[in-house]
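Letters are used for the chains, namely A, B, C, D, E and F, taken in the order the chains are written, and counting of residues starts over at 1 for each.
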Amino acid sequence: MQSQLNHFDEQGNVVMVDVSAKNATLRTATAQGRITVSADVLRAIVQGTAAKGDVLGVARVAGIMAAKRTWELIPLCHPLALSHLSVDFTILEQESAVLAQCTAQLWGQTGVEMEALTGVTTALLTIYDMCKAMDRGMELSDIHLVYKDGGKSGQYRREEEQT
Amino acid sequence: MQSQLNHFDEQGNVVMVDVSAKNATLRTATAQGRITVSADVLRAIVQGTAAKGDVLGVARVAGIMAAKRTWELIPLCHPLALSHLSVDFTILEQESAVLAQCTAQLWGQTGVEMEALTGVTTALLTIYDMCKAMDRGMELSDIHLVYKDGGKSGQYRREEEQT
Amino acid sequence: MQSQLNHFDEQGNVVMVDVSAKNATLRTATAQGRITVSADVLRAIVQGTAAKGDVLGVARVAGIMAAKRTWELIPLCHPLALSHLSVDFTILEQESAVLAQCTAQLWGQTGVEMEALTGVTTALLTIYDMCKAMDRGMELSDIHLVYKDGGKSGQYRREEEQT
Amino acid sequence: MQSQLNHFDEQGNVVMVDVSAKNATLRTATAQGRITVSADVLRAIVQGTAAKGDVLGVARVAGIMAAKRTWELIPLCHPLALSHLSVDFTILEQESAVLAQCTAQLWGQTGVEMEALTGVTTALLTIYDMCKAMDRGMELSDIHLVYKDGGKSGQYRREEEQT
Amino acid sequence: MQSQLNHFDEQGNVVMVDVSAKNATLRTATAQGRITVSADVLRAIVQGTAAKGDVLGVARVAGIMAAKRTWELIPLCHPLALSHLSVDFTILEQESAVLAQCTAQLWGQTGVEMEALTGVTTALLTIYDMCKAMDRGMELSDIHLVYKDGGKSGQYRREEEQT
Amino acid sequence: MQSQLNHFDEQGNVVMVDVSAKNATLRTATAQGRITVSADVLRAIVQGTAAKGDVLGVARVAGIMAAKRTWELIPLCHPLALSHLSVDFTILEQESAVLAQCTAQLWGQTGVEMEALTGVTTALLTIYDMCKAMDRGMELSDIHLVYKDGGKSGQYRREEEQT
C-alpha cells in the first residue's frame, strides 16, 4: 500500500492519474453491500421475485447500467470499457436484509474496484426506491470491496468474508 | 405507510408511477451515511482539507453532480429539476470515519429522498476512490434517510439520530 | 396540421421551438411497435418471462429509462420532466412477434409523442440485443403513434388500430 | 446460431456477457430501416435538403451521436469505443419513405450490431420529430441488420436486400 | 451586483444555491463568441454551408444539444427544462472568423446565462473539431454574455456590442 | 496539413472518420484559455483558493469530468478512454485573468486535442458560473491548442506561447 493519496500532483491539485505507461492485465473486482429492510418489505421482495413485481430484477439492471457509467459519476475515475459485469443478490432472512454482490472485469490499465462498488450501491438504492412507500427506515451498510486482482498491486481478498 | 410496493401495476409490471395529479408542494429530504477508514487515511483527509489535496472538496462536488442525475441511475425515479442541493461532511475522529449528509429540495409533485441518498453514496464512493491506494478495507455504512417533508405522506424524521 | 416543418426559423436554420408562451396542459401520448422474431426466440421469450431469463422485464426497464432521456437523443426535443411512464408487451403468437406499447404523461407546455416513441424503440432494441445470438433476422416494424392528447392540436387517435 | 439466450447465467439472471477472453477482431455492422411519410412531408424533406431546413442533416448527426451512446441505453451492451460511424439516407419516392442506413466499426472483442441499429432508429425518430407538426401518421418499419462481420460467428448478410 | 460569490455557504463549502423561494419569471439570455480561422478554413466553411459539407449545421445542432445538458457539465448549475434554444452564426470575412450566438429561454426560478454560454462554446468547439485537419491554430475568443433578462437582478445588456 | 475538411464523405455528408486502420500511438494534447474578470472577482478567487470557497478546485473537477465526456458533446469525436487528464490554473494578476491549461493523454488511434479544449472551456465556464453574481462582464478568450503529439501528423507546438 502506498502511504499517500494518489489523485494529487505535487501542488496538491487533483488529477486523473496517468496510467498510459501501465501494462494491460486482466482486472477483476468484486464488491458487496447490504440493505436492511422491514419484515414486510423482505416478504414483498421475496414474493415479488418468485411471482410478479420483480424488485431484484430491476435492481440488477440498474446496478449493471450504473457500473458502466462509474467514470461519469466519480470525478477521477478513468473511462473504462468493461468486458463483464454481473450483480447477484442473496436474501438474508435472519438479518432481514438483501445482500448485493457485483463483479466487474476488464483487460486494461487500471482497476475496476469503483465499478464494482458503484454497481452494488446503485442496486441497493434501487431496492430502496422501489420499497420506500412501505418502509422509510431501510439502511444500506457493509459496502466494501471483497476481492480484486490484476495490476501491479496484485490480489486483494478481504479477510472476514461473511456471506 | 402503504402495504404494497408502488412501482408495479396490477399485472406486476414496473411503471414510473403517475404523479401528474399530485399537488406540487415543497419537498425536502436529508440523507446521511459514513465511510470508515484507516487512521492513516483519516489523517490524510483531514490534513488535505486544511492544506492541499482536497478529498472532501472533490467528494462534495461529486455528490452534488450525481444527485442531479439520480433519475438517470435509478430506473423508476422521476426526472426532477432540483432547486437546492448541499453535501456536508463531519469528521468522526473516534470512529475513524467521515460522515456525509446530503440535503435536496424541490417544489414539485414527488419526493427527493432518492436524490439525497444518491448524493450521499456518490460522495462516499468518491472518498473511497481517492483514498483506495492507501486502504482497500474502507467500508460504507449507516446510509439512510434522516428527514423528509412535503407531499401527502408528510414529515418523516428518523428516530435515533446519532451525529 | 401545419403545412410546414416547425423546427426551422425563417432562415431555414434549426431551432428548439419556443414554447414558453404555451399553456401547460396535461399531455399524454401512447406509441407502439413490434419486433418479429423466429419461433425459437418467441418460445424463449415466453418461457423466460414465466420462469427465468426475463427478456421483457429488462426491455421494459430499458424503455422507461430511455424515454426519460429522449431530449438527450433527439436534437430538438425539449427537456421534459415526465410525470408517468409505462411500457407494456403483448405476445402475438400468430405473427411470431412481440408488440410493445409505451405511454408517457406530463403536465407541461409541449407534447410527449417522442418520449413514447423512444420508449417503444428502445424496448424493442433491447429484445433484439438479448435474443440476437439465436436470430439475427429479427425486424422492428409498425412503430407509430397510437394516441395523443393535450396542447393546442388536441387529441389524435390513429384510425386502424390493430392489436 | 446458439440455441439459447446468452445474456443470462445459469440461474436465469441477466449479466453483461464476459468477453474478456475473446479475440479482438475488426467488427463491422450495417443496419437499416425506413420511415413512411405523407407526400407533403417527403416534399418538405427533399426540398429542405437541397435548399434550407436540413431535416436529414440533423437526423444524421442524431444517429451518429446516439450510436456512440448505445451502451448507455441498451442495458446489457458493452461500452465500446467505436472507430467509425456513418448514417446515410435514400429517398424512396415511390414508397413515400426515407431509408436510413447506419454502419459502425470497431477493432474489439464484441460486435457492433446494436450500435448500427441504434443509429438507424434514432435517425428515423429525429425525422419523425422534425416533421410531426405536418403528419402524425408517419411509421418506422423494416428496421433490421443488413450485414455484419468479425468475431467467432463471422459474416452475416441478410438475404433479400431491397434498397 | 453582489459583492460575494454565491455558490458557497457560511463555511465556505460549495452548494447548489437554494432557489425554491424565488419567483418563476421569464428568463432569457444571449451569449456570443467567435473562432478565428485561417483563410482556407473560412472558405471551406462558407462553401460547405452553401453546397455540401455543412460545418455550421453540425455545430448548430451540437450547441443546442450541449446547452440542454449544461447542468450536467457545470457542477453547481440547476437542472433546467429550457423552453427555447437557438444558435446562429455570422461569417466575419474581415476578421477571418465565425461569430456564434446562442439564445436560451425558460419560465423558471433561475437564469439561463450558463446555458447560452455553453451553447456558444460547444458550437465553436465543434467548428474547431471539423476543421482541425486543415488548421490547428484556430482560436476561440470574445466569449461573453450579451444580454439577459428576468429574475430579481433584472435586465443586463453588455455595452460595447460589436457584431 | 490536409487541404480538406475530413469529417465528410464524397457526398459531403458528415461521418465519424474511420480510424480503425490507424496505429495506436501515445497521444498527448495541451490546450489553454483564459477568463478575464473584474478586480473584485480576481480577489475573491485568489482568497477563496487560499482559505475557503474554492472556485478553482470546483472548476478543475468540472474540467476533468467534461473532458472525459467530450465525445458526447462534439458530434463527430470518437469515444475515447483517456489515460490521463489534468487541469491547471495560473493567476494573471496584471491582466486580471485566470489562465486554464488542460492536458489529455491516451494510447490510441486518434488525437486528444478536443478533449484538452473541452476541459479548458468547461473549467473556464465553471469559474464564470461561480462568480457571475459579482460580475456579468467576464469574458473567455485565447482558447487554443498549445501542443500535441502522436499519430501520423506528429508534433505540433504553437509558436508564440505566452504564459
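Rule of thumb we're sticking to: contacts are C-beta pairs under 8 Å (C-beta built on N, C-alpha and C of every residue); 3 or more make two chains touch, one makes a residue touch a chain.
None of these values were measured; they are calculated from a predicted model.
Touching chain B and chain E at once are the following chains: C, F. Chain pair C-E has a twin interface among A-C, C-D or B-E; that twin, with over half of the contact pairs alike by residue number, is B-E. Between chain A and chain C, the superposing rotation on Cα atoms measures out at 180°, rounded to the nearest 5.
Chain geometry summary: the mean Cα position of chain B and that of chain F are 31 Å apart. Taking each chain's centre as the mean of its C-alpha atoms, chain E lies 16 Å from chain F. Annotation for chain A: residues touching 2 or more other chains are 13-14, 54, 57-58, 61-62, 65, 69, 75-76, 80-81. Of all possible chain pairings, those that touch are A-B, A-C, A-D, A-F, B-C, B-E, B-F, C-D, C-E, D-E, D-F, E-F. Interface residues of chain A facing chain D in the complex, by the touch rule stated above, are 26, 57, 60-61, 64-65, 68-69, 80-86, 88, 105-107. By the touch rule above, chain E contacts chain B in their complex via residues 9, 13-20, 71-72, 75-76, 78-81, 109.
Every residue of chain A that touches chain C in the complex is listed here, in rising order: 54, 57-58, 61-62, 65. In the complex of the two chains, the chain F residues touching chain E come out as 1-8, 11-14, 33, 40, 44, 48, 51-55, 58, 61-62, 65-66, 69, 73-77, 113-114, 117-118, 121-122, 125-126, 128-145, 148, 156, 158.
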